[in-house]
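Letters are used for the chains, namely A, B, C and D, taken in the order the chains are written, and counting of residues starts over at 1 for each.
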Amino acid sequence: MGLCAGAMRFFSDNAAPAHPKVLEAITAANRLDTAYDGDEWSKRLDGAFSDLFGTNVRAFWVTTGTAANCLALAALCPPYRAILCHRDAHIEVDEAGAPDFFTAGAKLILLDGEGAKITPASISEACGAIRKDVHQVQPAVVSITNATEYGLVYRASEIAAIGEVARDRDLALHVDGARLANAVASTGESLADLTWRAGVDALSFGFVKNGGLNAECIILFRSELADELAVRRKRAGHLLSKGRFLAAQVLAMLEDDLWLENARSANAAAKMVASAAPHRLVYPVEANEIFLKLSTEEAAHLRSIGFDFYDWGPGEIRLVTSWDQRGEALEQLAGAIRAL
Amino acid sequence: MGLCAGAMRFFSDNAAPAHPKVLEAITAANRLDTAYDGDEWSKRLDGAFSDLFGTNVRAFWVTTGTAANCLALAALCPPYRAILCHRDAHIEVDEAGAPDFFTAGAKLILLDGEGAKITPASISEACGAIRKDVHQVQPAVVSITNATEYGLVYRASEIAAIGEVARDRDLALHVDGARLANAVASTGESLADLTWRAGVDALSFGFVKNGGLNAECIILFRSELADELAVRRKRAGHLLSKGRFLAAQVLAMLEDDLWLENARSANAAAKMVASAAPHRLVYPVEANEIFLKLSTEEAAHLRSIGFDFYDWGPGEIRLVTSWDQRGEALEQLAGAIRAL
Amino acid sequence: MGLCAGAMRFFSDNAAPAHPKVLEAITAANRLDTAYDGDEWSKRLDGAFSDLFGTNVRAFWVTTGTAANCLALAALCPPYRAILCHRDAHIEVDEAGAPDFFTAGAKLILLDGEGAKITPASISEACGAIRKDVHQVQPAVVSITNATEYGLVYRASEIAAIGEVARDRDLALHVDGARLANAVASTGESLADLTWRAGVDALSFGFVKNGGLNAECIILFRSELADELAVRRKRAGHLLSKGRFLAAQVLAMLEDDLWLENARSANAAAKMVASAAPHRLVYPVEANEIFLKLSTEEAAHLRSIGFDFYDWGPGEIRLVTSWDQRGEALEQLAGAIRAL
Amino acid sequence: MGLCAGAMRFFSDNAAPAHPKVLEAITAANRLDTAYDGDEWSKRLDGAFSDLFGTNVRAFWVTTGTAANCLALAALCPPYRAILCHRDAHIEVDEAGAPDFFTAGAKLILLDGEGAKITPASISEACGAIRKDVHQVQPAVVSITNATEYGLVYRASEIAAIGEVARDRDLALHVDGARLANAVASTGESLADLTWRAGVDALSFGFVKNGGLNAECIILFRSELADELAVRRKRAGHLLSKGRFLAAQVLAMLEDDLWLENARSANAAAKMVASAAPHRLVYPVEANEIFLKLSTEEAAHLRSIGFDFYDWGPGEIRLVTSWDQRGEALEQLAGAIRAL
């Protein structure tokens, strides 16, 4: 069809290439500098993110979303307490028990909710079911994913409501923002409103799914946690000795809001595909993931003409669009879905 | 002096730039592929290292030496046992307690020995001092660093002797090979002789100090540990989603023995500097580290004319040479030391 | 009413006194002997339990059911795997996250099932939902409670069926037997049939709720785990220095099957109370726990005339009978319930 | 010789029987009460110890010194920091790595010092050798043992000096008081002066070696740690369900200062034995332990006439006296040593 194979693959935004500007930044950083995070690029991160968020933050590069989530959670949750999250949260189902490892045994308490979203009511209900004694594990943190594992987004007002119930119950609030850029692009709301103004204490800010190579960032809105987090990062083997290559990637993503531009592309791609089959959507398409109801035969047909994706339970598939997917391939996919 | 600043800095091989071929490999890998370690580059690692070592091995990329060391140690040592290592081993003094974290509480038992080297005798003595009861922590692993933290190397025969005492006492043997390339370049002995033929079970094979960007490798000589290690890597947040960028680096380092060529350069640079002051050497220079006796005034003078390095206790400094340090700068440093 | 206060309290079998023979045994053991578990009483445990179970077992005293459960689970489950248990299992809801602590982060995967019982089908379903990759935590152990937290018992055939599915899936099988004596008394089946013949690998054999003072036992049916368990017990601070006082209690409980006699008394007491209100029972009464549907007013009335018990959710109460509750008090309670 | 075998054994104060008043208290507590630590005896502990120490404290029973030490240390030391203690401290050499387990991986930094005593100077030296960066583990706690593992005692002024350097360096101070009673009996100084007035934050107060059966106490001088400690105790399986039997023991030990009387007896016994061979003493005898220089033949002779004890390295033996050793047996031992 004249398209490169990549354009036909909708497995995961993890599989997409890095943006050229990210590679350029790595190349430009390839000179001698201080090891670990003492280099000039790493030192610019706090300032760059403080500008971006409109408040003083501390920023720590790491190489994976799992590390970002779990280092932040370990700083927020002692070993003998619990993290409230959705039953389908990445930290529960896709991180091999990393939260248990990083926190040294904190418990995940699983909440229900449509499209992997949790609500103030579900938090209150879960907390209310826990006896306040030493026999039951008491919660310390709420963790939400924005955009969620099913491609839904939390609006700022929704997060603020969660932040309020968290504060009332003395719980910290963490956001797994592996696709936060997509949530910002989708809602049009500011990073500030979606995070610290809503009561968020720590954020995993994802770049790898959005055109980065191998750099994510932990953003702390409570600077008193920074020293501990720095130690935990080292102790977990996540303090790279040539950290400048991570910092440079992140700075390239921030420059001229490349992070936002990429997310808009991916979201637009998802919208276009979704528009081909509104009646097949399992969830509204608010970010860059599309869950479709498809029969086994229909899925097989799509694959037979070159499209790749995950099966997601019986009769459903998941398509994920990436920052680099544009134009012809999307139209072909949309056309193929319409033609089913 | 007409030299770039980098050429004058002898802080650490961690500070050096990545080799151009490593960057080229990253760029070449920048296309869509399967996420995590399902890509074509990652899949080639086992074969490439098996060829290199002349035996079947399992290879796992990670981003730091700390992760390489501690994931391997966690697979070899249960939480309730101990790792024997030198008092100055990197895992003891420079990894923020990462071995304790990854193993969930295994103990490090510290041995003495000149230049951070341990011997069969020191292992036997340490083991002999431990009562065989439930009150004292029983050892499970010996870990050595080659080249050592003081730039000495173990010959194959020395490692084989350690391997023998380890086997006799039912201890696994791990090598922290952050600078294994330098040891190979120094001894002229084969990777096989320095590792599995000497009884080594697991190896942290360093590339970052030797021209890599951010990829190290864990090499398992006991394939039955591979499944557990794969899980532990993920659980520790060290399974990168775009793993191809790590695998490609490593493959570039292996191609045409770039790893060995770089190490030879760094070692030669160290030899040249060392030759300027044989009477000042704290240890023989066998790899790419030089420890010199220098008065405070002499150290200050060297710095005043542009050379950077670490103080290493009173009256000593440490200089580390890198793969990219050649020619003029080294001659200037040698000259300056001679002139002290 | 001429009854001592104790006779009117149905909070928990934990609250009951120790049996006089247990106290006598402690007194008799009050002479100098070897510390820890080197004394003559402790040394008799393996033999005594091997006789009782009709197979070679290893027995370890500990002071709590939580310690018994979690030491056994830690020996069966590595930190990076999971334990399948019922959503209402004591290890999940009443041990403060102890399984996470002792195993260094293993996950509990929660199954549903009437009366806190799980089935081969629920195990298979849970396992089937787990992808066999490094991202999801793989199970290693099934843990059941017999009698369950709701006073139901597993028959030997039910456990054998669970044992079979566990074996097929390479899962170990653990029984929390805090009230195993009550299950034996209830089913009339043998300890052997209810444990090792059904595929059980490790058992927490409870005595404290059944007339003991502060000694429980871990019974290992796989002797190769014994060395590790001994170390873990010490490491967790559960190797008492005057262990003879625990061993003596346990031996007293075994003598003339006191454990069985006490359990029969408690079960009979529960039956008598239950017979007063068959239509109010939430679950069949198979051991020594009675869950009754009672209005708030009815519960208040029972309390007003001197009976104590727990509320168990809205409109339900829990009564637990003990080895020492007989005769008049039970008749009064039964009468009071009938009169409601 | 007309003596019971026990009187001739000097292995350990762990091997001695419990004091009759302790057994009486257990018997007296053998009636129904609230489970865990809600009973009347447990509730009296805080008050009883607050009176004893002359300040408000929180007291928690546990069954072993290892549990007391390690629960307290876990409350004082985060997983990523270190505990400074003597190289021969019980927590280092005799607790199977329990501190590593309870703290989830904190490091023990080992200090030297005669007779297992540490000093402000050795603390300062150890701290001074640690770089203040994320690569090296930073200390959080100092732990001392009083009386020490070699039977020496710290005077109040020595502890106060340690407390001062600890406070200056922001380190908490813990005392392993397995034989604190012996230290009080030896120095004649008050519990208050030996603990909180000297800056101690948490104390393991031993009773088992001093006539108790199986109850020790953690004393917190910082009440803000109490809630966490209560959770940690439960989570470690150390919250016994019939806690009244532990609390009753402890209260019996406090009544009429039985703890002090017992310790005086044991100390006096040690003095008498020591007086037989002042020139053979390895350390001054300040508590209830005697380390003697004895040839192999001499040790064998003592054993041949009925005395039991530990060899303690070549040419040394350890004798420990207990609360119940008086009169004739001690004279016989003293005589036998004199006659060597």
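Basically, a residue touches a chain if its C-beta (ideal position, glycine included) is under 8 Å from a C-beta of that chain, and two chains touch if they have at least 3 such contacts.
Just so we're clear, the structure is a prediction, and the values are computed from it rather than from any experiment.
Set against the C-alpha centre of chain D, every other chain centre is closer than that of A. Rounded to a whole number, the gap between the C-alpha centres of chain B and chain D is 43 angstrom. The distance from the centre of chain A to the centre of chain D, with each centre set as the mean of the Cα atoms, comes to 51 Å. Taking each chain's centre as the average of its CA atoms, chain A and chain B sit 34 Å apart.
In chain D, the residues that reach two or more other chains under the touch definition are 79-80, 95-97, 101, 104-105, 134-135, 231, 234-235, 239.
Taken together, the touching pairs cover every possible pairing of the chains.
Listing the residues of chain D that touch chain B in their complex gives 79-80, 82, 93-97, 100-101, 104-107, 134-137. Residue ranges on chain A touching chain D, taken from their complex, read 78-80, 104-105, 134-135, 138, 228, 230-235, 239. Against chain C, the residues of chain D that register as touching in their complex are 5-6, 9, 11-12, 14-18, 23, 26-27, 30-36, 62-68, 70-71, 95-98, 101-102, 104, 208-209, 213-214, 231, 234-242, 245-246.
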